[in-house]
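When the chains are written out, they are named A, B, C, D, E and F in that same order, and each has its own residue count from 1.
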Amino acid sequence: MAELGGEAEAAELQRLVAAEEQRARFTAQVHNFMEVCWDKCVDKTGAKLDSRTETCLANCVNRFIDTTLSVTNRFAQIVQKGGH
Amino acid sequence: MAELGGEAEAAELQRLVAAEEQRARFTAQVHNFMEVCWDKCVDKTGAKLDSRTETCLANCVNRFIDTTLSVTNRFAQIVQKGGH
Amino acid sequence: MAELGGEAEAAELQRLVAAEEQRARFTAQVHNFMEVCWDKCVDKTGAKLDSRTETCLANCVNRFIDTTLSVTNRFAQIVQKGGH
Amino acid sequence: QVKVQIAVANAQELLQRMTDKCFRKCIGKPGSSLDNSEQKCIAMCMDRYMDAWNTVSRAYNSRLQRERANM
Amino acid sequence: QVKVQIAVANAQELLQRMTDKCFRKCIGKPGSSLDNSEQKCIAMCMDRYMDAWNTVSRAYNSRLQRERANM
Amino acid sequence: QVKVQIAVANAQELLQRMTDKCFRKCIGKPGSSLDNSEQKCIAMCMDRYMDAWNTVSRAYNSRLQRERANM
């Protein structure tokens, strides 16, 4: 591999670290969704995931994110109004 | 704000850090109580917390602390007697 | 205690740290087993653990370890085959 | 005033735990969007969670003060 | 390909959580060995857990992309 | 002897988990004080938790030794 100058190397390293951190956050979030959605959507474990379970899992992720956004926005409003 | 000498400043800083740590411990403990007491006391979430739920929550905190003290004291006795 | 030379002392210290780490891992693992097996095996808490509960707890530890090994081996096979 | 300050200091942790509890309470089988009744349930659950947080916080604070007075 | 890579990157955490979920699902009262039906249940549960992981992962990724497009 | 030592080494973690499990087991709806039956239940639950801890610990230790012997 070609040698990189000090600055370019540092920038490249920083980019790699940032990408790695983003992937770690993504993965941690998926573990978190699994904790909630596995129990909600998967009753029996048959030969394959049926389409109802697949839909339930995808909806579960999306509704959980909707809930997070809704809770966060409402909380911000309450805080701005200065009390609840 | 008046300038502080080195020592007074260090003492002030130490006091602030200690207060912050105490607040963090308090908050962590409240999260912990919520984990136990929310499921025990809050069945339905109506237009407001009724007084029965409020009493249940306050009792839950106090009985949890009683339990912690009782468990800790009994454990200390067992350890002192050198076996259980 | 006799004084140790620098190298012997370092080796001894390293041995102690390793032993302490191993004990911490063991203990963490026992806490983990307790989290799973207490709820599975202990229904009522009578005057003593009956032998059925004792057997259940010991089996629970061993079956959990079997499950871990089985899951890990199967996972390694899937990864080696390059997809699932 | 004070209650909101306490809440803000640990807002992220509070929001995560509150979201988790209210999602579990209000969403049975997750559908293709949050329907009206689910949204209302979440808003109420949030308010009750913060009420409960304040109640728990006050009860803990009183107990700490009583314990200190007895020392 | 990609899915396996994601899985390997966090293999240890995944294995722990999967073992925990599948043990709870498949083992009622733990006996003196894993019997055949328990072993089959665990293998199926693993496969479904990884399928579910991939489904959840894809759904999350799509959502992130949609949110970014809306910004 | 040994069992108590193990317990002391990680006393804080043990006390927290034991308190949590025994509170959940013994306290239904928390009242205005710990009544007699709750207090007895907690004491028994503690003893059984420590018995169970020792049983689990021994079982794990035997298994580790068996695995090492097979290597």
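In this text, a residue touches a chain if its C-beta (ideal position, glycine included) is under 8 Å from a C-beta of that chain, and two chains touch if they have at least 3 such contacts.
Quick caveat: nothing in here was measured; it's all calculated off a predicted structure.
Common neighbours of chain A and chain D, by the contact definition above: there are none. Least step count on the touch graph, chain A to chain B: 2. Chain centre most remote from that of chain B: E (centre = mean of CA atoms). A centroid comparison over C-alpha atoms places C as the chain most distant from chain D. Between the Cα centres of chain A and chain E there is a gap of 16 Å.
Chain centres here are Cα means. That of chain D falls 30 Å from that of chain F. Averaged C-alpha coordinates put the centre of chain C at 22 Å from the centre of chain E. Among all residues of chain E, those that touch two or more other chains are 47.
Among the residues of chain A, those in touch with two or more other chains are 37, 41, 60, 62. In terms of which chains touch, the assembly is arranged as a closed ring, every chain touching its two neighbours and no others. The ring of touching chains, read from chain A in the direction of chain E, comes out as A, E, C, F, B, D.
Listing the residues of chain C that touch chain F in their complex gives 23-24, 26-27, 29-31, 33-35, 37-38, 41-42, 45-49, 53-54, 57-58, 60-62, 65.
Of all the residues in chain D, the ones that touch chain A in their complex are 1, 3-4, 7-8, 11, 15, 18-20, 22-24, 26-27, 29-34, 38-39, 42-43, 46-47, 50. Residues of chain B touching chain F in their complex: 36-37, 40-41, 56, 59-60, 62-64, 66-68, 70-72, 74-75, 78-79, 82-84. Residues of chain E that touch chain A in their complex: 6, 9-10, 13-14, 17, 21, 25, 41, 44-45, 47-49, 51-53, 55-61, 63.
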